[in-house]
Structure formats: C-alpha cells, structure tokens
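Chain lettering (A, B and C) follows the sequence in which the chains are written, and residue indices restart at 1 in each chain.
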Amino acid sequence: MESTEELQFSDDEEEVTAETVLKTLQSAWQNERLSPEILPHQNDMVECMLGQIQHMERNINKLSKTDLRTSIHKMEISRIKFIICNYLKTRLNKIEKYCIPILNQERQRIETDTNYLTPSEYKYAQEYVLNMENHMKNVVLNKMPGNMQVFEMNKMAEHPNLQTHVFLKANETINGVVLEDLTGEDEEIDLEEGSQHILQYKPIADLLKNGKVTLL
Amino acid sequence: MVINCQSLIQNLKINNRIFPKQKQMSTENSGYLSITDILVTTEKVPCKFLHDLPKMGFLDPSAADVDLKAGCSVEIPLWLAESLYSRRPPLVSVELPKIYKESYREILNADACAVDLHKLGQHFYELGCYVAKHDIKSEVAATLNNTYRQRFRMLLAASMSSDSINTMQPLSASERIQAADASNTERSFLTWLQRGDTPLTTANMVANHRKRKRAEMEML
Amino acid sequence: MFAEKVIELIKEVDRNPDTIDQYNDEKIRQIIEEMHLLFKLNMNDANATTENRSLWTTVQVRHSALERNKRCILAYLYNRMKKIKTLRWEFGAVLPPDIRELLSDDEYQWFSKYSGNLALYMRSLGQDIGYSGIDLTENLKPPKSLFIEVLCVVDYGKLELEDGDVVMLKKNSRHYLPTSECQTLIRQGILKQIM
C-alpha cells in the first residue's frame, strides 16, 4: 500500500493555483465561444492545465484499477480535456473562417508583440490560406481568361460580424462606455460591477480583451 | 427562455441590418463567397435602361432586336442591375420589385403575418436591404423592420411546433433557418432538462451520407 | 449564356447542405468556356469602340458577367472545401471509398493537405511541456460518465482498449465501454449509444 502522501496530487498552495488556472481557462473558453471574433490566446493556461493532466495521469497509474479515486480523477481529467479541446477547436474554427483578415491583423500585432495567435495557430493559418489559394488557382483560376486569373485576397476575406449583440457581465464598475446609435448619435452608459447587459459587441470588445467584462 | 434569448439576438441582428442608410451591411451572409448572397443577387428586379446597349438585346426576352434601346424596361438579375447602376453615369434606374411597392407595403404594414413570404419573397429581407436605396420615399427600410417585428411571434410559434418546418409555414428562407435553429435549441434544451445529458450521436454528415446511400439503394 | 449556368452549380450546393455531391467537372468546364467566349467578344468590341462609343458600355456589361461567373465558381469551390473539412472532422483522415469518389483529384489533394496541416497543429499542442499532442476530434461532448453502454451497428472487428483488453465488435453485440475510447466510433456510426 502506498502512502497517502505520495498520492497527494499537489500541495495546498499548488492546488489553489491549479484551480485558478482552471477557472481562467473556463472563462477564456466561455468568452471565446461567445465572441464573434478571435480573442488573444491563453496558451500559458492551456499548457499549465495539460501539465496538470499529465501529473494526474501519472498518479492514477500508481493506483489500482478498482480504486474509487481512479474513476473520480479520470472523470475530472476528461472534463478538463473536453474544455481544452472545445476551446482550441472553437479558435481553430474562427481562424479558418476569418483566416484572411486574421492573418493581416496578426502580422501587425506580431510586430508590436501583441499577437492573438499562438505560433502553432499562426503557422496553421498561413498554411491554410496558402492551400486554399493554390487549390483555387490550380482548379479554376489558371484556366480562366487572362484578366480573371487573380486570386483577390481582399474580396475573398470573410469578416466577423462585430455588430452582433452579446450578453455580458461586468467584472468591475466601468464608466463611460460609448455606444454608437443607429442614427449616428453616441450614447454613454456606465456598467456597474456584477450587472448584466445585452449590448453590441463592438463597443465592449476591448473591455472583454482586458478582462473587465465576461460574456454569458 | 433559451429560445427567447436566442431569437431576441437574431431579431436585433436583423434590426441592425435594416438600416442601410447609415451603415454598410456587414453580416456574414453578404460575403463574396456566400451562397445565400449569390442566390439573393440572382433574383430579378425591374430596370429601366438609360442608354443604348449594342448587342445586348437578348436581355429583353420580349424584344427581337439585336440591340437594347434606351428607355425600355426589362427585368434583370440584381447583380447586373447593381453593376449597371454603379457606373458613372448610371446605365439603368432600378425600380422596386412589386412586393416592396406601395400597395404591398400597405398590406405588410397592416398584417405582415398574412403574407406568404415562401411564395412571394424567399429572400424578402435580404433583397429588401439591397433595393431599399432605390426607394425614393425611403419607406422600404421601415417596412422591412416592421414586417419582421410583426412576424416575430409567428416565427416563435413556428419554432415551437413539432411539425417539420419545411412543410407548411409561409416563411422566407432566412426565417426558416431561424425557426429551425430556434427549434433545435429548444429541443436540445428540453432533452437536457430531462436527462441533464445529451447522448453521443453519429456525426451529421456521416449520418446523412448513409441515409442518402440507403435511399439510392432503394431506388435501384 | 449570361452567368446563368453557374447558378445551377450554386443551387446544387444549396440543395443538399448536409451531404456532398459529385464534383461537377463538366459544368465547370462549360462555364469556363462561356467565360472565354465573353472575353473574346469583349476583345473584339473593345477594338471597335473608337467607331462606336456605345459599344464600350456593352464591354462593361460583359465584364460584369465575367466577374459574376468567377465569383460563383469560386463560391462553389469554397463551399465544397467547407464540406470537405467537415468530412475530415467526422470521418477521420481516411475517407470511405464511396465518399472519396465524390471528390475531384484536386479536391482530394486539398483534403490531404488540410488533414496534414491539422495533424501537424494537433501534434504541436503541449509540445513544450513534453506532451505528445491532443486529438481535437475527440472529447466532443461534456462527459457525464466514464463508461457507457453501446450497441455495435456493423461488423467492425477487434478493438484494443487502453488497458490492453481486447473487445470483439460484432454486429448487434452490446458492450459497456469507456466513453473516451468509443467516442470516435460513435461519431463514425459504428457504435450507437444505448440510453
């Protein structure tokens, strides 16, 4: 019989951190699913959580198959894995859909070191667009009359609809959020801490990226 | 509740779109590669030609001439109308298709639910957004908005009914999609309430290809 | 003749949003032919515009039709690409032969490239911390239980589980399996979850 100490998944201090990481990841996942555009990546959180899973898996292997803790921990692992997978997949879907504008903006963001994509995602996006361009050129564009052969990157671009409405909750009190009226007149509103709203996405996009609001 | 919220958002989305005067439409459906937008721009609109067009007589099926003469009115696809209209000077003036004209606007404003958009305007809202700018009185935009507001309740009812949405409802194409989405949300919400779980199922395309194969086998 | 044929292609995509049809090689060829014809007519008339100014507008109208044809063909290809992506996520990296047949050779090549790029990305996940990557096509639904009861729909053969046990999956046999290990088979329509 192994001692309980060895089976402890982490000491108290780390336990708290792992929980915070999971919470951060969970809210990143929720925001990513609900926002129309791609958000800055949370690769640190993902990697940290993957490390945690690895740690847990190693510990489970030390337990006997019939130990109740095995199934509880396995369940926990598959829940975390689901969140990670779904989070990454949601990002991948947006990267594919809006690949052209995302790559254009990302090139500028990389210069200022404020990139939204992870290096792997960036590579994936570049390769994706290249494959799309080559396919269209090989199959049809090269066979069209001379003046029709160009792959018009700007026309092809699909853009996220930033005018869509979202449900959100203010994490802190925010004063003076400027909403653009349909008639072109601006309106200013204050969001109180903990209050919930339905607003257009565009005016609150920056607040979301700063973590001042969470999407619901 | 879930369905109410979702439809509400849809509703707001539409409202944004219906003010083309101030804002350029920027929805996911108006892109270069969008099948929906291509189908919308294939719809025909009545146009009056302002200049002669040599060799283009075939655009007017009722005329036998090789050339198209200035002054004649022809129904042409929206994509062509838009492109001719945007020339400087414009080569055509675009007129409103009948469902956006005053007589229909009156009916729509009185009781929008009575109009069968499945028959009269598959792309009622989308086409409306395009032609609204050709309306001198600029009442089309308001009518679109008003129509959707009135029909919203009907949409809600359609999404709640257990019948298949395609069979009976007098809905336009985009209304159908909204009602089907809402109905799916409603259904999975109910399953979730009952079980707190949704079962794992065969992937959509896999299932559909299998169905199609079976149907093809039966045909043989 | 005026960008009408291409709409038949578009309607084809629109009609069956949940399945992919046979790649319509013949129609694409015809449309490109129409484009070359329009282009030729335009070249001739463009040279004659010095004598007849109003021919210039005719040239512009044909040019619009050329642009329209181009847009529709690209939209056709693009929407097929979207469906082919779905095939990768739902059927996996190896397509059943009857599905493979529906794609053109170029499309199949694109499928392989897409699949390769995706695999590269998935392998890179967590690489920095010595993790061997994650398969994003798994873990699709929030898990409720570790084991589920499943019914086998086709004769599949042996399935080796993570712990080394081997299960024989025969048509109409019932099994109690770890959720994580039968997800993909359920998605591919080989197993069915019994509630």
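As a convention for this text, contacts are C-beta pairs under 8 Å (C-beta built on N, C-alpha and C of every residue); 3 or more make two chains touch, one makes a residue touch a chain.
Note that this is a predicted model, so its numbers are computed, not measured.
Each of B-C and A-B has its own count of C-beta contacts, and the greater count is at B-C. Relative to the centroid of every protein C-alpha atom shown, the closest chain centre, again from C-alpha atoms, is found for C.
Rounded to whole angstrom, the centroid-to-centroid distance between chain B and chain C, based on C-alpha atoms, equals 26 Å. We define each chain's centre as the mean of its Cα atoms; on that basis chain A and chain B are separated by 32 Å. Counting partner chains per residue, chain A shows two or more touched chains at residues 156. Among the residues of chain B, those in touch with two or more other chains are 32-33. The residues of chain C that reach two or more other chains are 67, 74, 78, 140-141, 179, listed in rising order. Contacts from chain A toward chain B in the complex involve residues 155-165, 167, 182-184, 198, 200. Across the interface of their complex, chain B is touched by residues 1-3, 7, 10-11, 13-14, 18-20, 45, 52, 54-55, 57-58, 60-61, 64-65, 67-68, 71-72, 74-75, 78-79, 83, 86-87, 89-91, 98-99, 140-141, 144, 148, 179, 183, 186-189, 192-193, 195 of chain C.
Across the interface of their complex, chain C is touched by residues 46-47, 50-51, 54, 65, 71, 74-75, 78-79, 81-82, 84-86, 88-89, 92, 96, 120-121, 123-124, 127-128, 131-132, 135-136, 138-141, 143-148, 156 of chain A.
Chain contact summary for the complex, chain B toward chain C: residues 32-35, 38-39, 42, 51-56, 58-59, 77, 79-80, 83-84, 87, 91, 195-210, 212-213. Put simply, chain B touches chain A in their complex at residues 5, 8-9, 12-13, 16, 19, 22-23, 26-28, 31-33.
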